[in-house]
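Here is the structure we will look at.
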Amino acid sequence: MVTDNAAVRRVLRQALDEDIGSGDVTTDAVVDPAVMARAEVVAKEAGVLAGVPVAVVLLEMVGPGIEARPLVRDGDSLEPGTVVLEAEGPARFLLQVERTLLNFVMRLSGIATMTRRYAERLAGSKTRLLDTRKTTPGLRVLEKYAVRVGGGRNHRLGLYDGILIKNNHIAVCGDVQEAIRRARSLAPMPCKVEVEVRTLEEVRRAVEAGAEVLLLDHMDRDEMARVVDYCHWKVLTEASGNLTPDDVAAAAEIGVDFVSVGALTRSAVWLDFSMRMTPLPEDPHGPA
Amino acid sequence: MVTDNAAVRRVLRQALDEDIGSGDVTTDAVVDPAVMARAEVVAKEAGVLAGVPVAVVLLEMVGPGIEARPLVRDGDSLEPGTVVLEAEGPARFLLQVERTLLNFVMRLSGIATMTRRYAERLAGSKTRLLDTRKTTPGLRVLEKYAVRVGGGRNHRLGLYDGILIKNNHIAVCGDVQEAIRRARSLAPMPCKVEVEVRTLEEVRRAVEAGAEVLLLDHMDRDEMARVVDYCHWKVLTEASGNLTPDDVAAAAEIGVDFVSVGALTRSAVWLDFSMRMTPLPEDPHGPA
Amino acid sequence: MVTDNAAVRRVLRQALDEDIGSGDVTTDAVVDPAVMARAEVVAKEAGVLAGVPVAVVLLEMVGPGIEARPLVRDGDSLEPGTVVLEAEGPARFLLQVERTLLNFVMRLSGIATMTRRYAERLAGSKTRLLDTRKTTPGLRVLEKYAVRVGGGRNHRLGLYDGILIKNNHIAVCGDVQEAIRRARSLAPMPCKVEVEVRTLEEVRRAVEAGAEVLLLDHMDRDEMARVVDYCHWKVLTEASGNLTPDDVAAAAEIGVDFVSVGALTRSAVWLDFSMRMTPLPEDPHGPA
Amino acid sequence: MVTDNAAVRRVLRQALDEDIGSGDVTTDAVVDPAVMARAEVVAKEAGVLAGVPVAVVLLEMVGPGIEARPLVRDGDSLEPGTVVLEAEGPARFLLQVERTLLNFVMRLSGIATMTRRYAERLAGSKTRLLDTRKTTPGLRVLEKYAVRVGGGRNHRLGLYDGILIKNNHIAVCGDVQEAIRRARSLAPMPCKVEVEVRTLEEVRRAVEAGAEVLLLDHMDRDEMARVVDYCHWKVLTEASGNLTPDDVAAAAEIGVDFVSVGALTRSAVWLDFSMRMTPLPEDPHGPA
Amino acid sequence: MVTDNAAVRRVLRQALDEDIGSGDVTTDAVVDPAVMARAEVVAKEAGVLAGVPVAVVLLEMVGPGIEARPLVRDGDSLEPGTVVLEAEGPARFLLQVERTLLNFVMRLSGIATMTRRYAERLAGSKTRLLDTRKTTPGLRVLEKYAVRVGGGRNHRLGLYDGILIKNNHIAVCGDVQEAIRRARSLAPMPCKVEVEVRTLEEVRRAVEAGAEVLLLDHMDRDEMARVVDYCHWKVLTEASGNLTPDDVAAAAEIGVDFVSVGALTRSAVWLDFSMRMTPLPEDPHGPA
Amino acid sequence: MVTDNAAVRRVLRQALDEDIGSGDVTTDAVVDPAVMARAEVVAKEAGVLAGVPVAVVLLEMVGPGIEARPLVRDGDSLEPGTVVLEAEGPARFLLQVERTLLNFVMRLSGIATMTRRYAERLAGSKTRLLDTRKTTPGLRVLEKYAVRVGGGRNHRLGLYDGILIKNNHIAVCGDVQEAIRRARSLAPMPCKVEVEVRTLEEVRRAVEAGAEVLLLDHMDRDEMARVVDYCHWKVLTEASGNLTPDDVAAAAEIGVDFVSVGALTRSAVWLDFSMRMTPLPEDPHGPA
């Protein structure tokens, strides 16, 4: 689970701290520490849910004594009004976690919803939908999780876990074949060597030097078809460059192995949710 | 400047670390440490720029030896092709900072662009545009900065710097007047007491108990007008609730003091930018 | 509760680490890990207790297996010999937490005791006692909590949650009215605008520009009375400047809204406490 | 220098962050970033100065461009009005550092002043004044530095750098001689073994088992004299327990090797300082 | 460079802090802050140098004013007595960095020396020497750097940047082919799928399901030869399992693509170095 | 226990994070979160065990739901095949902790095994075996614990908890007697003053100035005997300098109080262990 990860848990902790800071002045003044409440997280728009495990960890992190019951699972479809999670516990903690919890669930569900829209255009094909590194700074592991929830697969997580020789590398290195040779002999062994190409000539040289995946940047459909034809059985191909859902469907027909779509994270609007609370009878075992 | 702030600098540092992790395997293998390059950050869409100081700090943080020259200022309008910043230095650092730098500038400029669209509808009125706490976890100070760049003003930064008694507080506290009294006597002195209200009766009771600002949640224009009339010269009013630019213009005509709009951050799509690099003659004083 | 706050918990953790460092060489050598003990925290002077929740969290943080029973509540009066808390658990953890726990309780109770002394002089008046930012670096949230325990109310927590235009701001900004105008249009909306003033002329200009609170710095009683008279029903007033308990009582009679007193934290001497321990029969379920 | 230490620098950084938090809302709104100013730190009471290196580091840490000129050295005597330090640089940074800088200098100078008062009573004797671990949580290294500035010497810094077998250890260990034997064979070699004793019989047994220093807790002068006589040339002695300056002088006459005084840190009231600022002509090379 | 990495720099910072802690009590007492000195790092054994960039960063990190001049480069051979680095600056900082600097250089040079011994046995073959994850906790990036210095190539850095399906995975997953299928469709795209195999049957099934690299665990030379023959032109092979330099040479003759050797890090003894210091005439511009 | 220490726990947390990073891509793809397993940690070589408490904490830290049962205690002797620890819980966590857990146990057991070899040569003598500061950066507290497990005693932990005036100090201070005098009057009281000496003349001068321990660096046996004779009943002696087990035995016969041996940590090869896993029937109460 994504929330097993210690780095993810630190991101959640920091998000709570960012909102609470030196203390929740409203709740501290207005709400008696002994008051218990019930909270429901409710979808206000249709879409794909992502972020339930995040919500559960936030509810446990904000303070002791909250019991959370997820009612819907990540990846499920939502209608306006769907209650996705219930929680009971000290009212002050529910009030303190509300905004942070909603911000995560709204952002992640927005990404899952956008991803689903693209993924549906690939149904039945062997082409796989990939994300990019155009993710919100600090939230990459979570946003890439939301892509998986929506039906995509992850490209590399960062600069550390995949070799991608882009135009800027070639510009400063001087020659694509030299760059590929260096990558093949110096980079960690388990990484495939991927190279960004724009022309058939570049494709030919990259394949010759040992590229294992080709990133076809902003190629039109004819070029793409020629590259796929050329690469067949030899190297993998990935189409990229402001692809619309229609472009993605077209690329699948051509037979590229992967399409990578920055819009999954860059253009996803947050899906709307709210939290509503009701007081509970006081916990007889609560804080004296 | 927003990048003076130590917490903001930590966010930038973490964002770089998130992408670079244990090392940039492509650049480490492919690019000689002595290679110097020139990079340009270029707008690919029209909009409002935000994030130049962030870019400058990232360029200085990623490694020694980069010189950055901003060419456009935050808040200026952009056309596709506008070069907003040039930088020269070790190619390996420019390659390592590229994605993180673009992600910040794209997100922040997206927010500034959205904010400008709303702010323009308030030109000439005394009504001020406010943001909300619907910000990306971890980036609140920066996203609220982008709102100011776009022409908005900030509502509270978090739970720690403003009193806002919302429906959920009243639900668990039991009575709005009691809640206001507690806030007025227990919360830190410098904070105004703001209260969410939905009906005229709630307005009347809140004002009576000493509310200093009223948050008019999802009120229609007639109700809003009645509240503004009632509050005149006594308490400030803030309209809220999925407001469109048209709603905002209408609220200004009615004379509310503030409109708060979650869409500034929640619905902002990232403005597109790219970075292009060219190699420079080697630095004679660079790493031997 | 103040110890809900994550930043406060980090301060407590760091305080333990500061004392224990790479390990408690005495206890590690001398005390068998299986030994269980009982500890009592005892007041050695009369005063007002503050810090019980801090002590409880420290006892839980230092290591597993300690059970703590508070016997007195924060804000209660103490006589020499009052036992304020009992704890049972592994002797090594009780020995390791002793000094840190006492240092917190002594400092916080010292502040609560000093605050009570001032607050008693305001009994029956509408004037409220405020603290200042003259707090021990690192302990502000806790020391401001101790002020509340002793009967005071908090001024702003830091530079981030309240606007206070002081003489130094005016000196570098040039004009108090310009400063107030900027604060009213640029600072976050929920903060009241407070301004330091020294003369009636400054009062007049500040009020005219929209100041919401006036900080009367080192004014004599006559001046103060004139300002309070002038401000009546318009803006709040706060007296400040090395105020003694007698000064505070006098200010209340004049009718200022707030008195802020640095001595609550700056001149508070630590209230004396000790911890005494007795061995318990070994825990049959303890570490083998 | 105490500020060479990385842990100390982290404490200073955290103190700045505690005050500035998400941003200085007053200065950000009111002061133009280009304004330069001059600040003077002025003593308002007589006493002993401590904290100049701390002030210098804070001025460098708060932001770039400040030049600091110390005018007085730690350990020097102060009269009301003495200017101890001048600084020039961006006004916004001077305003942001003011309170934190003063809080450190006031607290540390308070300790140095209190220490000097005790140390003067030991002039001409071989008895050395020691501090204790009754220090403000988080500030121990700095407060112990202030003790040295005032003329004291440090006892152990924490539980990690000295063996001190106290009554509570003996209570749970069962026997002082067994405790001493364990410490002598298990604790790190470089630490002297010190033991708290209350009676001559305890002294005898502790010395027999190999104690190297005796902590004489709350002994009267006659007992102390007998212990010193007994220990002569064999083990060191340290008097402790709410000692007044007179007690300290008496202990010196008796010939104990050390006196340890919690009041140096626990009862020190902050010495008063202020900062006054004047604007400077704008820096022609400052931020554009 | 490995020391560009922020995580590596944090490791170096923590190592300094681990040794210096609350302060270097000897140097603080004994050495005047104004004393300047010259230090030489000298090899005391023959071997391969690794760690010069680490030493340079430590010298810069420990305090301001040190100038370092590396005299030998990482990867160069050393004789006893070779001076690898000179530094000049404040004596107190040189004394404080000495042990930490030597510990890093000794450990890393020990690894480079051991790696060189293995790598020499592969000279002229196409077989590449790989490291493993048997590295000192906390130092992995640095130890893997030392392997590269000694002539090895890195296997994956951690669990995050390479897919390696080991026996324990298969044991709990149930079936190697199912495991491979899941990895090929769910793991990040850029990672090759590597599978641990022990028999020819396992080889056949793994290749059939799409394994891209085979880890041949403790296979004898005959089996290895059969696998290499089977895999030819299809999948890569990696020999592993307590390989001696002779085993490595044999594997190269057989034609496996990679050998991975835990002994590079697990059995490397530290190469001996010392630091000798001489005082310099006082810096006229040093600390007053 | 060594794992009580918060700094040690942070080291363990960082070690896990170093290996797991942004996520275990193999396990996440291949292993269903509901699968439960049993793991055994098995010695593959003879030696002395150290690190069981570390293993237990790692198993608890990596994720919830693991139950660990140590079968052998630190300090016990191992044969190849000894199972030292069993654990049951979610398979994904056991797979994620495997390498980190083994790395710690292998390194620490290697040190304990090496220490035992030296310590056995001192059996029956009063001479005690000490470690040095030649420890792996970041792991000092743990490696010094392993020394104790193997039968050694700790020298100082760092620069902060013991005074050791070495040749480099004397070189920059100028005179050994002046250095000793400063240490005796300025360093924290509880630390013994130890001085490195190479000749009898240095011994004489050091003792005269008040040295409490002498570090005899690379002295031959005759010199050592003369020093021990000279120091008898006056100061403690410590032999040092690339001592072999035979040297250590000889030093004991001569009667030095301590021998300090860098090889305990610097030359210890890791003791080999492995972890083998078997699946368990699914936990009916596990993650849904």
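As written, the chains take the letters A, B, C, D, E and F, and residue 1 is the first residue of each chain.
Simple rule for what comes next: a residue touches a chain if its C-beta (ideal position, glycine included) is under 8 Å from a C-beta of that chain, and two chains touch if they have at least 3 such contacts.
This one's a predicted model, so the numbers in the text were calculated from it and none came from an experiment.
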item	value
Co-neighbours of subunit F and subunit E - touch as defined	A, B, C, D
Same or different contact residues where subunit D meets its copy subunit C, judged by the half mark	same
Distance between the centres, which are taken as Cα means, of subunit F and subunit B, whole angstrom	50
Whole-Å separation of chain centres (CA-atom averages), subunit A against subunit F	43
Length of the line joining the C-alpha centres of subunit D and subunit F, rounded to whole Å	33
Two or more partner chains touched - positions in subunit C	20-23, 25, 140, 157-158, 160-164, 185-186, 188, 191
Contact graph of the chains (line, ring, star, complete, other)	complete
Subunit E - residues contacting subunit B, complex	1-2, 4-7, 140-141, 157-158, 160-161
Partner subunit A, residues of subunit B touching it in the complex	11-12, 14-15, 18-32, 35, 37, 39, 91, 94-96, 98-100, 102-104, 106-107, 133-140, 157-166, 168-169, 171-174, 179, 182-183, 185-188, 191, 266-267, 269-270, 272, 275-279
Residue ranges of subunit F touching subunit D (in the complex, touch as defined)	128, 130, 148, 153-157, 160-164, 185-186, 188-192, 194, 213, 238, 258
Complex interface listing, subunit A residues touching subunit C	13, 16-17, 20-23, 25, 33, 63, 92-93, 287
Contacting residues of subunit A [partner subunit D, same complex]	21-22
